[in-house]
Every structure is written in structure tokens, then in C-alpha cells.
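Shared between the two complexes below is subunit A, which pairs with subunit B and subunit C, respectively.
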Partner chain A sequence: MSSRQSDRREFLKRGAALAGGLGLAAAKPASAQLPDPEGMIVGTDDLVAYGKRSRFEDSKRIPHGGRHSPDAFGLDFHIAAPLQESVGVITPSSLHYVGTTRGSYVPDIDPAKHRLMIHGLVDRELVFTMEELRRFPSVTRLHFIECAGNRSRSSHTTVQETHGMTSCAEWTGVLLSTLLEEAGVQDGGEWIVAEGVEEVKGASTIPVNKAMDDCILCYGMNGEAVRPQQGYPLRLLVPGFEGIFNVKWLRRIKVVDQYYMTYNDYGHLTQDPATAALGYQIGPKSVITFPSGSQRLPEPGFYEISGLAWSGGGKVARVEISTDGGRSWQDADIRGEPQPMAHTRFSMNWTWDGNECELQSRCTDELGQVQPSRAQVAAFWNQPPDQPVRVKGQDNSIQPWRIDSDGNVHNAII
Partner chain B sequence: MRSFRFAGLLLLAVGVCAQAQSPTYGLGRAPTAEEVAAWDIAISPDGKELPAGSGTVAEGEELYVQKTCFVCHGLNGTGATAPRLIKRDVGEVDDPWDYGRVLPIRSPYATTVWDYINRGMPLGMEGTLTPDEVYSIVAYLLFLNDVIEEDMVLDQDSLPNIEMPNRNNFARVPDWFPGQPRLEGYPY
Partner chain C sequence: MSSRQSDRREFLKRGAALAGGLGLAAAKPASAQLPDPEGMIVGTDDLVAYGKRSRFEDSKRIPHGGRHSPDAFGLDFHIAAPLQESVGVITPSSLHYVGTTRGSYVPDIDPAKHRLMIHGLVDRELVFTMEELRRFPSVTRLHFIECAGNRSRSSHTTVQETHGMTSCAEWTGVLLSTLLEEAGVQDGGEWIVAEGVEEVKGASTIPVNKAMDDCILCYGMNGEAVRPQQGYPLRLLVPGFEGIFNVKWLRRIKVVDQYYMTYNDYGHLTQDPATAALGYQIGPKSVITFPSGSQRLPEPGFYEISGLAWSGGGKVARVEISTDGGRSWQDADIRGEPQPMAHTRFSMNWTWDGNECELQSRCTDELGQVQPSRAQVAAFWNQPPDQPVRVKGQDNSIQPWRIDSDGNVHNAII
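Right after this comes the complex of A and B.
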């Protein structure tokens, strides 16, 4: 409870006492339907203007990957979303994961001064104000973003650590294709370089086919302006591609004739063509968020298993759940209508008999790509069985959770 | 027959019109040449965006200290709070990739090194280096990594032509089309 709230309560109580016990606030309600005044949240101008969650809710983000955030320089690094407490498919903006190409300051941009420039191999070079961008026909779509570093390790204990570098929001903005058509892409314009305005001016090279397909220049996120950590006032969304492509604080799109090999591109690429391909469009993936690592089932009995599934290849077509470590599988219920490149909530009714068991989930997307077990990945690439499995590119392998007979849930990745 | 031919001509004319598209919404304005130049900082592998200027290894060695690079990256680029800028001490290797993830040795193009230092360093004072200074510092770092000779002068012509050891040692990203699986033949 904030001290301001308690001061106000004291004041109310004293006022009521002075009024000779006539004040409603001090009187015990005659009927149990009225809450005790102590149990009320006293309205403040702050709460009227911009609400906040209950003080009993403490779901929060954590720095990811062992590097403190903010660091000694005040730079934000990777921050993971608390998927273990998530419900539905939308990550609240305050809890959306944050990724940066390197530690980065969050720029404090006045939208009235922000500009987007489109230039390069176009018929008409153009500069837009934010006001002008908002005048274009807009789209509103659900999309996940996921960081290439979203990789489960045996040392991770919670789903926030294993999978928290992905989130899903409702994004609003102008299709990039609308603006590229307005500018007129010239022959030979095969790629775009998208660039931010932050101190390191992060830039990524993106194929023009993707730019013309479904990329969005977003000014809106979950019903309000994009948050600063997500690129306020303008961020590029490249649905289904790895996080690094979704350039924040976007100020420039250059249409170019070749792959530019920016620092971001360079850091992302490898020698192996298979790894390069698998680190581009994200594969079919899912994870059970309840019950998940470090949670505890208090007793045998009924539970709803629930989780999130997604794919960079389109819509989630099917999710299966195994409660016996992958030996047998049952179809999970898909909640709502799956959207392309969006988190999709799945669930299954389940009665836990109190014995040790292992839960897994497996996603199949509309392209027919199936989420693999780590053993399947190792077998596909002929990796030596006595060594830890290396999943090439984006890790979309199945996440196993072991439930001990005392109800404690553990990460069962080997 | 004739009317067919006429229809064909008409289609052709419509096609030409559709190609030379005019803007639909008419929003935004054209940037000035100065505005484009000020923001056009991404350097392609062929170096066409590189500004005029030049630099030498000797100048770069001084600037590396003067511009505080050594504070974070260590004297001679051996690394400190920030990553090392000199290849790993692994002797002669068959595969230059084994020198480690160190930009001035791993990068397939010297342009990427120039571009990153120009846009992002020194951390906290980005954008303060002149083109001459960036050319010099890149020359110094490439010399430290045995990529160029000590007497080489870097400028907009010579820099893109430097044969980095990993020039042909980076995988290309696949062509991308809507509805395409991640990797042909990979079921996952």
C-alpha cells in the first residue's frame, strides 16, 4: 500500500470519528455485500488518468541471460517476459520482452520531431511526419516477436528463463508495402535496409519480398502508442522473422540492390547455410506455461494444462500435448481463431494422479512444419549421441517439464 | 482482327501507365539532398556511400588512445570491459572463422567495420569521429589483425577492395517468398 493511500485512509477514518460515528466510512457495513472500507482502493488522479494493476499482482520481467539490465552504463539489455503468469495471447505492453542488439539506451523521442525517410532505389524519395503516417490506411494485427537468444538450457528453472524472450502484442500501423508503393520501388530494388535513430542506429537488411508482403510500420501497440522500449514512436514489424529484424525507433528505409551486411546482419550470420536459413524465419514452436518450471501442483486432481504456440511460417494448425514424456500425444484445444505469426493459446483438461510425469507440447503450423524433439534434431543432423544437442538457428525444440510426485515442476531439458 | 490488335495496344498502354505508378495518397514530401546525405550512413559492401577522406595505420594507432577506445577495449585491442578487437591467439588456422567473433577479422567486408565504428563508437560519444578518423582507426585495427600492410592508406576506393579473410566464408540467407518453409527438406 502506498503511503499516500494509507494517509488518506487515516484522514477518512479520523474525519468519520469526528463526525460522531455518523460517517459511512467508519461504520461496519450492515450487510456483508459492502466491502470493508479498509479493502477499498482509494481513487487518485493518477489512477483515474492511467490505471494500474492490483497490488496483489507482482508478475514482472527479469534481465535475461545473466547480464544485468540496466547495466553499469544504464544500458538496457535483454529483458524476459513472465510467461508463467500469462493468460490469453496478448503480452501486456509493460511486460513485453525487450531485446537490444547490444546494450542500448532507450531514446526519448518527441514524436512531433520524428521523421521517417524512404529513399534509395525508388521513384520518389519521401519524408513523413508521424502525423502523416497516421493518415495512411492502417492495419491492426496480432503478432509475436521472438529473440534469437530464446533458447532453453538445463540451467534455466522457469519458463520465463527458457522462453521469456518472446511476446505477442496487437500492433497497429501502416503496411510497409503501402509506403513502398507510394515511393515506387525501382527495378533492382531487392532489399531494404531499415535503420533506427538510437545511439548505435541498429540496422537490418530485409528482403523486399518480405517488405512488400506483411511488414508493418507500427505506431500502435495494444491499443495505445508503442512503448519507448519497443521503439516509440515508430517500429518496424517483420512478422515471423527473428527479433533483430524488427527495427525500433525507425527513421529510415533505404531500398537497395544488395545485401548490406550491416553489423546486425554480420552478428546474426554464420558459415553454415542451414544455420543461416534456420535463423531467419522462425519455426513452429510451443511451450506449456502452466504447469511450468518452478511452479507446484498442490495436490493430485484436476488441472487445465495451458500454453502458447506460434510459428514464423503462418498460423498454428495443431498443438498436441503429451503427459508421458513424448510417448503418446493428444490434441490440445486451440483457443480462439489462430492468427498468422501470432501466439496462440492452447489448453487441455487433465487430472494429475500424483505420480511423477513429464509434460510436453508440440506445434504444427499451416505449412506442415512440426516442432521437433531435441532427439529428432540431433538425429536429423547426425549429431553424436553422447554430446549435448545443438539446435541450429532458432531453437524451436520441444520443452519438457517434469512433475515430481511432490508436485514440484522442473525443467527436464538435458 | 483489327479490333483485337487495337485492344492489345490499349492493354499495352494501360500496362505502361500502371508501371509508372503515381502516388495514391500524396502524403509526405521529398527530402532535400542534404537531408538524405546526413542520414545515408549504411555502407554497402561496394562502398558507394563511403565519404571522401583517408587515414593511415599510424594515425589510427594514436587515435585509438586519443579517442578512448583503449579504455573499454584494452591497449592493442586485447579486450577489457568491452570485447577484444584483435583475433584470438590461436596461431595459424585453416579456417579464419576460428579467429573468433571479432569484427575487424571476422567481417567479410571492411565496409562493415567502417560502418559500425562510424555509427556506434566510441560508446557514449557516437557520431563524434570524422571520416578521416574512422579511416585511420579501421586501418589500425585491420593492421593489428594482419589484414593489411602497415603502409596502406585507406580511403573510399581502397577500403571496399580489401580482401577480408572471411570474404567468401559467410553463408547467404536464403531467398524468401511468402509461404515458404524455413529450409527445404527440413521437416521442423
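Right after this comes the complex of A and C.
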């Protein structure tokens, strides 16, 4: 080893946090020759028309909870996004999480034949073709969707398993309020029932105030048509609400005078209708995606801790990171300008000293809501703190990742 | 026709611009029955892992200028994005425009074998693996790229042909300044030469001040790995500069003391090096994507005019729309918060009266730069205004679309 190499390695091991000197142990002096390309990808007509990812990329979704069968009609079926490989805030449409209660089949809809009906307690019943919907004033907004069942269990090893039932996309479509104003909501119209094209009629009941606020009838997703697994050609986006309200393959909106029970109800009926809307909101929540479960830090030194934060209550206002199991906290950097009800990327520069430690992240949203610890959640549900937490309803508790002295990262919940 | 239908049709024809009453002629009373789905898409393992778009979607890129051959080595080869079908600001990675000077083949690189070297006038020559690059602090930013040759000709019919050589993505990677600070730029290092893995060594020379400002070594694009056609596994992003500077399949950054001539030079050498950087900047520019060439308005009535604006000079500050061939202008709505050197979606509610008219859009950026008219560009180049404009260098002139009384939209440039 040359003295120059040796000097450099010493420098890097220090894990310097000086501006302009990050001390990344991985940097090495240049070798004389760099490898040549392996070959070329031929630009076929198909690849010219619509590109593909590299054959070396295998980031993929997995069935959530391990259940998967193409014949899984009648089963809850969920596909989790690979958050451990995520970068930025956009989830590629091909990797967006999927939740259905109808198995892994999805409707194969010809958009030329698809119609949206608005009916019920309205002055004018209306039916729209997709072409007609596209003529209305549109909005484009970044929003996350999250399944209410997205939660960490001690049997989960990766962040895809613990938190992969949420994704974020740039959605484009018509505000539901625009169409409801066209139809004219009558007195007494306090709820809407949104109904999709499904064998068993997937539907959700939503307060009309939410419908008039920020719900979007989406035909666009990440710059192209909504994907079939996301509700092609039309899905309802209910920003910040549990995933199940974001009805796919949307074909009817009925304005009604009371909460309608649907197949999609998971305990919502037990809630006071006056406060039900608040119960539907997701978060505040966050999770560290690197380093996360089953990943490994190859050596002590510099790392960027990175993760995602979100809240159904609005914009992410603050994310804190603890590297000592929640005893002390530091503010993370927020990437870009947080959008309301959208994933927000956070990060923090960190030098790992090689000792066992526990990483946590904590989100505070613009309403001042703070993501709770597992112990707080356990106390809320009157459960002993040293037992596995059995959360009723949503679980937005802090996710702890333990890093062993060998660099391996583990899910640290009990 | 019932009196209710008749009333509604009268209302809609008026094209009312009242809040809550857009008067969209396309809305119709509800029919009794809505169509059932055509069938189901089977959730195969492949579709669970990585989803696909609907078989009914055929939005596609086209070879720019009509030249395309898989054996087109040695030819300029450009693939234009379908802006006429774009929604929002994100271009799907599969539809992102492609420009190369090497034909439609692209390198097929194994990221495990790829290396980035930083050398030349630096204190420490460095070589990085992709894994090492991912350990550095990262940034995520929305940026457009545009080919300097992106320009409208009278022979072009669609906006894909006139303006399809620009796209916008969420890019993630390491700031080039971070690595240059690691390497230590020596006195006299005034330029960098960025070199990609290509048969004929695609390379560009960039002022070191730009390199230290906001250039990104990107491994992430729209939430996943950069696509092969965009430079997998690593591309240089030079925000706001002509597309050719955004070197793909990046493998070397050499710090040098003077401008280096490369195969990529298209007249840059004729410029004064002291001001060359400004000449490299794109825009300000904008184009209406709906309604645009070859589209058709089915009937008089309400439409949302929509388009994209961008500038290499920073954020889009204002977009104006003319519906009378540039005689009068109205401010368009800007969608969301404009990002620096990023596509910005604009729109304006409009009622077409059925008469022939000409639509134009005009972008002003945060520096106060205003997109010029075709006549201004002609005057700048000392060309008669009634002849086809032959622009030397970039062409960011205003795009006019003529709408005939039958609703057909045409490219109105001469």
C-alpha cells in the first residue's frame, strides 16, 4: 500500500464531517483502466416507442404477508412496494403498492366504453365519458396513498414488509367538487358512495365535505394514464384518507343522506359519524428506508440516513432522527418543499462508529401531530409495553431499526 | 328530447364561466345502465412484481425527424416524447425523450462493474463504484432536459414533432460538487470534461463553476434506477443546459484548464469562453400541449387550454396565453409550485366560440427573460418576417396553433 493510499484510508476512517470532506471510506485512488461496456442494447421499435428498465434491475413488489395466488378471488390481496430501494418521493407506477379485497385480478377496461355516473341527491344526474372528463379543468398534485393495515410486525424483516403498503405519485384529474357542482348537491346530501367496477362492487362512503374539499377523479398518474392495478381508466383520490377510500375503476358517485355500509368497511361504522372523517386520516408517520431491515453497513464510516415521512393531516413539518434508540433526537434535512398529503424525503449525514445502535425517525405534521412511539401506542391501547403491541385501527408508531456491530440491520420491534 | 335535457344543453352551450357552472357541453343526463367491465387482467407473478400499463394505452415516442433504424450507428438519433398526451409535469421514464449521436443502440452496462473516475487537475484522483456513490449525501430534484435542436418547423404537424425533444423527471443522485470537493480541484481547473461509455466516447466540456453549482451525478430517475436510454447506471445532469451536456453512461470527469473540443460540439467553440455558459442555457420556452397540432375540438364550448413551460434560467415566473394570435394576452394558471429548471404545467379555462383563432403561449422566467415571438427571432437573425425562420443556435420562439372553424388544430408557423 502506498503512503498516499494509507493516508487516504486514515482520513476516511475518521469519518470527517467537515464541509467538503465527508471522509467516505469507499473512495479509492484511480486505477489505470476502467472497464469497457458489456455490449449494447439494440434500439428496437418497441424500445424506441416505450422504454424499459435495465435487465440488471430487479427491484420488485412482493405480496404483502406472503399470500399470493392468481386465483385469489375473495382474499385480501396486497402488493408491497420496495421502499428499501426507493429514491426521491415518486413511486414508479410499475412499483406502486396495490391493495384490493378481490385477489390479484384487476378489471381490463376499455376506456372508450367506460362511464362515470353521478347520481343520488343531486339536481342533475350526469354520465360522463372519459373524453368528456378530460375536458374539465384539471389539477395535478403529489399525493401518497397508504393502506390502513400498513404496519410493522416483529416477524417482518424488511421495510418493504413493515411499511411497503404506501406509495406516492403525481396524480392528474378533475376535482370531484367540479363535477358535484355541475350536478348540484341537494340539501341532505351529507355523504357520497364511490363505487368501482369490481366483481363484488368495491365501494366506500366519504363525507361530502371531504368530497368537496380536495378529492380528485384521476385519469393521470406520473405523467401517463393511471395503471390498471391503480384503477385504470379512473380512480378516486381521497388525499390523506386510508387507502380503501381511493376507489379504483370508478364508475359511480352517489350522493346520499347517511353513511352507507359497504363491503369495504373495517370498523368504520363503530365511529361517531361526526368525527369519523378524522379517524380516516393517515399518520403522521415516517420510516427510515436506508439503513433498514436486512440491509448491511459494510464498515464503520460515513452514511446518509434516508427515509420517507407523510401525514394525512397535511404537510410534513419536521422529521427527527434518533441514533440511540429514542433517547436523543436531531432534525433531519427535508428534501425539497413538502407537499400536502405527500411522501416527503428526509435524510441526515451520519458517521457510524461500529457499535450496536438503534435508528428511529419521528414525523411532525403541520397540524402539530407527532408520530407516537410504540410504547405510547401500547399505553393508548392499555397494553403492557413489554409485549407485542396489538394496535386496533391504524398503526403510525415509530419504527426502530437495530444495527448490530457487524453492520447487519434488524427490525427492533417486539 | 325531454325539457330537462333541452334546458341542460342550452345551459352548456352558453359556456358559462361561473364558479360551479362550467357549462361543459359534453355532460349528459344519466342513462339507466352502465357498461360492465370487459374482463379481468390476471395477476401473474410478473405483473405483481412490476406492473404494466393498460393494453388500451398506446402513447408512444417517435423517431424525431422520421429517421430510425436499429442499425443507425453514426447517425444523429433522437426519439421525441408524446407531449400531446402529457399530463402533469413528470414524464414517465418509458416516454422520456432520447437524444444520442450514436444511433438507437445504447450501452448495456452491469452496474457492479461500472466505475466513475475523477481525474485531471485534482489533488486526489478517485474511482467510485456505484455502491460507493450511493453512500454519499444525495439530492432529489425535478429537472427538465431539452435537446438544443428542439424546434418547430412548418413541416411538423404535432407538438411531439415540434417540441417533443424535452422531458422532465425527478432526478436523484450526488451533487458533482460533493465529489469535486473530495477530489480537490487544483488552481487552473476551470472546466470539466464529462465522458460517457460510448463507442465514440460521448463527452461534453462544462465550466467548473456550473459543475460546482448544481450538477448532479444521477443514479435515480422517477423513483427507480435511471433507464438505459437515459444513461444507466449513471448520468450527469446539468440543469438548464442543452441536452448534450447531460452526459449518459458517465464514467469519467476530468478537470482541465481549457475548453476541450469533443465530438459533441455544435458550434460552442465559436463563443467567447467567458460568456459561453450563458449560451448553453435553454429557454425561456413554453408550448400549448392541448389543443395542439392534429388534435380536434369536437364542438364549440368549454375547454381547458394546457401546456408546459420551462427555462434554463431558473423558475418559470409567468405564463401568458393568447387566443387571438398574439394581439392580447391573459395570465395562465400555474399548476403547483414551479421548480428551478423544471417543466411547469400551466392552464387556462376557455370557451371556444367556434370561429377560427390562433393560440399562443409565452413564458417569462424568474430572471425576467421573456420567450420571443417568431418575428422577434427572425429580426434577431436579420431574416425577413414573412419567410420561414432559420434559427442558428437554439429556438425558443413562441409556437402558434391555428384552430379552424371545424375544430381542427394546425401548426401555424411559416
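By our rule, the second predicted complex is superposed on the first by the 346 of 414 C-alpha atoms of A that agree within 3 Å, B and C clash if a C-alpha of one lies under 4 Å from a C-alpha of the other, contacts with A are read in each partner's own complex, and residues count from 1 in each chain.
Please note the rule applied: a contact is a pair of C-beta atoms (placed from the backbone, for glycine too) under 8 Å apart; a residue touches a chain by one contact, two chains touch by 3 or more.
What you see is a predicted model, and the numbers here were worked out from it, not measured in a lab.
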Open item on the list: If we overlay the two complexes on their shared chain A, which of subunit B and subunit C does A:F380 touch? Say first, second, both or neither.
Closed with: first
TODO: Determine, for the superposed model, which of the two partners subunit B and subunit C contacts more residues of subunit A.
DONE: C
Open item on the list: In the overlaid three-chain picture, which partner chain does A:H78 touch, first (subunit B) or second (subunit C), both, or neither?
Closed with: neither
TODO: Applying the touch criterion given at the start, work out whether A:G283 contacts subunit B, subunit C, both or neither, answering first, second, both or neither.
DONE: first
TODO: For A:R135, decide between first (touching subunit B), second (touching subunit C), both and neither.
DONE: both
- [ ] For A:Y260, decide between first (touching subunit B), second (touching subunit C), both and neither.
- [x] first
Open item on the list: Per the contact definition in the header, classify A:H64: touching subunit B only (first), subunit C only (second), both, or neither.
Closed with: neither
Open item on the list: Quick check on the superposed pair: does A:Q371 touch subunit B, subunit C, both, or neither? Answer first, second, both or neither.
Closed with: first
Open item on the list: By the touch definition at the top of the document, which applies to A:R335: first (subunit B), second (subunit C), both, or neither?
Closed with: second
Task: Which of subunit B and subunit C A:E125 touches, first, second, both or neither - done: both
TODO: Across the two complexes, find the residues of subunit A that touch subunit B and also touch subunit C.
DONE: 117, 119, 124-128, 132, 135-136, 181-182, 251-252
Open item on the list: Under the definition above, what is the set of subunit A residues touching subunit B in their complex?
Closed with: 73, 102, 117, 119, 123-128, 132, 135-136, 181-182, 184, 193, 195, 199-201, 203, 207, 209-210, 213-214, 251-252, 254, 256, 258-263, 266-267, 269-278, 280-284, 312-314, 367-372, 376-377, 380, 393, 396
Task: Contacting residues of subunit C [partner subunit A, same complex] - done: 4, 8, 19-22, 24, 26-31, 34-45, 47-57, 59-63, 68, 70, 72, 77, 79, 85-96, 98, 103-115, 117-119, 124-129, 131-132, 135-141, 170-172, 178, 181-182, 197, 219-220, 222-225, 227-229, 232-233, 249, 251-252, 302-304, 306, 335-337, 339, 345, 347, 349
Task: For the subunit B and subunit A complex, residues of the former touching the latter - done: 20-21, 23-25, 27-31, 35-36, 39-46, 97, 101, 103, 106-109, 111-112, 115-116, 119-120, 123-124, 126, 169-183, 186-188
